[in-house]
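Multiple structures follow.
The following pair of complexes shares a single chain, subunit A, combined with subunit B in the former and subunit C in the latter.
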Partner chain A sequence: MQQQVAERAGEVIAASTTEFTAEALELHSAPPFGSFVKVIEPKRPTIYALVSYVETGGLDPTRHAVARSRPPSIVDEEIYVQWPELRDVLRTVFTARVIGHIDARGAVRHWLPPFPASLHFSVFVCTTEEIQWFTRRHDYLAGLIRDPSGTEELTAAAIRTAVAAHSDQPDYLLQAARSVARMLASDYIRLHLILQSIASEELRQ
Partner chain B sequence: MCRPVVPGDCRGVPASVDYLEQVSAQEETNGRVMGFDIRTLGSQVDAMVSHLVEQSPRTLERRRQARNAYAQAAGRWQQAARTVEESTMSFVAAVPYEDPSRSYAPRQLPADYLIVATDGSQIEPERHDLALYLLINVGWALLRYGSHAVAQLGSEPTLRFRDEELEYHVNGRRIPIREELLATLRSLFERKKLADLLLTLDGTHPALGLVDGSLLDLTLSNRRQELPPTLIQELLSHFDRVRDGGCLLASYISCPASREVANFARWALCSDLPKMACRDCSSQRLRGVPDCHPLDSQIDTALLPALPPYHRSALFSPLQRLQERYGQHRISCFYLNAGPELARIEVPLWVAQDPDRLALTHSIIADQCRRGGYRGARPGYPPALIEAHEQAVVTIQDRQVLEMLLERRSAQQGLVLQRSAKAISKHMKAV
Partner chain C sequence: MIGYQAGSDRDLGVVVGGTLSKGLTIRLHDPEHIEHMHAGDYVVVLGNELRYLSVITDLALKVTDEHLLANPPDDLFTRQVLSGTATYATVELLPTLALETAGGKSQILPVRSIPAHFSRVQRSTKDDFTAVFGEEDATHFCIGKPLDSEHDIYIDLTRLTERSNGVFGKTGTGKSFLTRLLIAGTIQKNTCANLIFDMHNEYGWQGVSEGSTGKRSVKGLKQLFGSRVKLFTLDRKGSDQRGEQVDGDIFINPSEIAEEDILLLGSVLNLRETAPAVLSALQRHYGTHWLSKLVFLDQKELDTVVEETGANKESVRALARALGPLRKMSFILWERSGMAEIQSAPITFDEVGEDVPPSPVAASSGASSQRNSAVRDILTAVQNGQHVVVGFPAKDDLLSYLLVVNLLTRRLREHYVTETNRSIASRQGRPRQIMITIEEAHRFLDPAVAQNTVFGEIAREMRKYGMSLLVVDQRPSAIDDEIVSQLGTRFICLLDDEKDVRSALSGVSGATRLQTVLASLETRGQALLIGHALPMPIAVRTRAYDQDFYRAMAGSEQPEGEQFQSSSFVSRMSRR
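The block that comes next holds the complex of A and B.
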């Protein structure tokens, strides 16, 4: 199989220990919700994160987008042709929840890195191989589940992305579901929400 | 031209009785609210409104008379224009090049066109600041429409801090570059950037350079003695570059308050034709008021015939004395129905006298107004100017960043800069 090359997705514009926000390279082109991204820095751990929020709006927050369509001809993509400056005054930003890092010895660590991402560094979308490698164990889910600001939606999206990266999908899904069940043994409602979102049609039957 | 930031801008405050009552009640509970004494102001606003209501019928009657005068002058416009041009009237008038009683439709636009707009803002030198400097920030927007629609937006700040950069030396005098003189310098920067950008284009498609405000800088005339004599040549050299580069040039004035076209209509009421010598006005002498007084305080846009959307008025030539110094770049103007308002468009002579260039300029600006309409329903303000303005704006935060940078870099070099006691006090906002 040909090895994938990590695709540059954005640039970090705000960062803390637990998350970072990046501006997408192009308007409306953030990595999908629940996708795995990373920030590589020299002599620092490579930070892994999950895209948890995407937003598009004015570069200047005091300027609001207004409806511009003039049906039938000027709608949707044609609006950007008629007002080419829109691509320069609007922007898409995404926030990613930090879920782990690769330490100095090259080991996967499913806990927070010692440093936040540095501002203006590139954010890359993880390749399928990287996702496989990072999600061999399910411990990274514990941090998401414990996070009071975390949602079941994000946990479920992370599992779906990880499942898609593994070749033995039914087995992997079952293991992930069992791990989540152990982590949420005392919270049936949250567990139910997550399982409902990750269960494939086959498993439901 | 960007408006300065006004701290405490109160737009959006509902000036209703309910609001006043609400504020009064709040004041009774909490003591006086900081800022305006709204109750005192409220009674003055009432007096102002009563005055406006009382004046309204008189204003309307004067406007009706002024419109009649304009219609008469427009009906014999060639004769009127000749007389006004040769007159010694004290008012600055603008004479029409074409029938001023009709409107002119925009032409079909080419499939592709480009527009470049520049705008600027400045920080005035302020003795309370850390050091004496001025800053000019030129913002620009280059928009291409048609087959390869694309935009380029940007800004270029220039910091001037040496004595010779903060003062003009004219006839042995040192003139600080402030207020209007600084605005003229800023215009020079804007025009230069406009020409620079237009000359980067390959000339395949029509390109218009558009600026905000008048092309005719009256400071060059009003404060001529305080400006270097070469400044106007430098300004006009950029107009030369635009013309020689095969591009178009125009300026856009929103909500214009010009009275030159209205002054042209004085011809119809004047008691002293053909000389129109205001200094020796016979009606003023006989009746105590000049016959042309209905035209006092009338602005051009109140008198022009109705223009359909995107249509323009006739082209006029304003007769300011400053025009002579503009030479081949003498300014002409027309008014355009831009939807919410009639905008004034100024063009240099080489655009005005070439029917194709004039029609193209008109059509491009009309198209910009179409694109600038809110919710797509009405014409509006050109997007190129909006974006250039947004790029040019220097906010209070930008100014703070500049001050911080100056303070830090100076400290790194062992130089401690200090603000005035007044500036420190304002900064502290201590109570």
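The block that comes next holds the complex of A and C.
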């Protein structure tokens, strides 16, 4: 299989220990919700995170976008052709929840890195191989489940992304789900929500 | 990763809790495995230093969140995910003993500690069973196999016969087979003499097996062991009809029948409350002839008796009427002609009717002197290293059974006490250890009579005189609790009634937990074994009573009867 090259997706514009926000390189082109991203810095751990929130709005937070369509001809994509400056006054930002890092010895660590991401550094979308490598174990899900702001949606999305990266998908899905079931042993309602979101229709027959 | 990982493929689960008094809780690694765990199965808990051999007493399904019970999953995927995570199975164990292995040898220790959290649990192995139950040798006899494995379980017959024992179980559960198996074991290993009161004639010559394929005959003790077993009968005619090789008849002299023998029959004969007082008065007055006098009492004599003893006339009449059935007993050597004072025919009682059989010795009193007393015959056989089976009339003649069993045992007890004391004084060999098998044991051991009968005494304190009982009964709850709790080893087949279960297990540690094991036994051929002859309780499938068994028994060596025989003892008996 040809080695994938990590694709640059944005630039860090705010960061804390548990998450960072980046501006997407282009309008409406943030990495998908639940995708794995990373920030590489020299002599620092590579930070791994899950895209947990995407938002598009005006550069100036005090100015709101207004409706510009003129049906039937000027709708949707035609609006941007009509008013090309929109691409300069609007922007897409995304937030990523930090789920682990690669330490100085090159080992995957499913816990928070010692430093937050540095501002203005690049955010890359992880390749399939990287996702496979990072998600061989499921402990990173514990952080998502424990996080008070964490949602079942994000956990489910992370599992879906991870499953897609693995070749033995049914087995991997079962093992991941069983890990989540142990983490949510005392909260069947949350567990049920997650299981409903990760199992395909066929599996739920 | 969170969760329990199996240390080895053989690991069933890990200890997650428990107490010394109530047992351990095991969480199974694979909840699907629960179907392969059975109450009564043996597992071993691998402690740091000890192996705790434990019996499964209960199984449970658990959930980590009660919400799950309200919304059970309806798809396979969710069930697979939850299995072993949010849903799991636990097993309750009762550690029965601990094995300490040092230098390749295992030492059996009582359980006085418990293993630490998360100790691993595995199926017990053949080595575990061998370390605990030993192997076939001079005293160890194979009694069966554990419910879940094919290892032989051996019982120590020397320890068994040291104390009184019980075989309990409702009808058709294999009590008689188990009893015959045990007796065959003691004969083969020659650990004691046996006196078997064979109420239903199923031990002596041949028994009947009621299997799934219908009824079939199986060999009795006489067929198995030949001359080593002496078969006596009260009912020669019936024995002949069954084609039995009988060695002798049982005859009882009326003078051998004591007041207490009659009182034991109280419930069967419907004796009045006044009976004990009347019996005492008659015995005081007429000595050994009291019973003959009473049984063959005529109208004229009634007045004389009343006059001489001062007893109430109605009470004497009622007692005589109640004792009427005794006249029918052909094995009692009524010496009517020897009683010169009897001139007229006895009172004819309605209950007795006209069909009173002629007494075997009524016409020839001289014959009675040539007939040996049954007690002497039995003792001679026992001292010769033989075993005695006493057969009874085929129809369930409870009265004859109770009378003969009580009387013979009482006389045996007297001899054993005398001889043991004599042997201590003269520093000679003790009389041979004897085990007396009684069916319908509650008749002799119910709380109302146990204090007064010889059986209560044997069960409680005749160990030092070399006598013990093998009590066979289907209603252990009808037996005095004190007696049951004194039983050394118990063999318990399936019991339905809760009272019987409680009673059968009375005085056993961990009894409530063993109740589950007991309730899970199959209706036939399985038994829970507890007590003195076994290092720990165990549920077994009893050994098959088949051609292999016959061959094993046939291959046993003849006993060295001489070592038990004390010529002076036998000759003293003969003089009695």
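In this section, the second predicted complex is superposed on the first by the 205 of 205 C-alpha atoms of A that agree within 3 Å, B and C clash if a C-alpha of one lies under 4 Å from a C-alpha of the other, contacts with A are read in each partner's own complex, and residues count from 1 in each chain.
Just so it is clear, a contact is a pair of C-beta atoms (placed from the backbone, for glycine too) under 8 Å apart; a residue touches a chain by one contact, two chains touch by 3 or more.
Keep in mind it's a predicted model, so treat the numbers as computed, not measured.
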item	value
Clash or fit, subunit B versus subunit C on superposed subunit A	fit
Greater subunit A contact set [subunit C / subunit B]	C
Touching partner for A:R63 - first (subunit B), second (subunit C), both, neither	first
Which superposed partner A:I102 touches (first subunit B, second subunit C, both, neither)	neither
A:D88 touches, of subunit B and subunit C: first, second, both or neither?	first
Which of subunit B and subunit C A:I74 touches, first, second, both or neither	first
Which superposed partner A:I159 touches (first subunit B, second subunit C, both, neither)	neither
Shortest span in Å between Cα atoms of subunit B and of subunit C, once chain A is used as the common reference	50
List of subunit A residues in touch with subunit C within their complex	137-139, 142, 174, 177-179, 181-189, 191-192, 195, 199, 203-205
List of subunit A residues in touch with subunit B within their complex	60, 63, 66-70, 74, 80-89
Residue ranges of subunit B in contact with subunit A within the complex	141, 143-145, 149-153, 371, 374-376, 383, 387, 390
Subunit A partner contacts - residues on subunit C that touch it in the complex	1-3, 64-65, 67-68, 71, 75-78, 80-82, 84-86
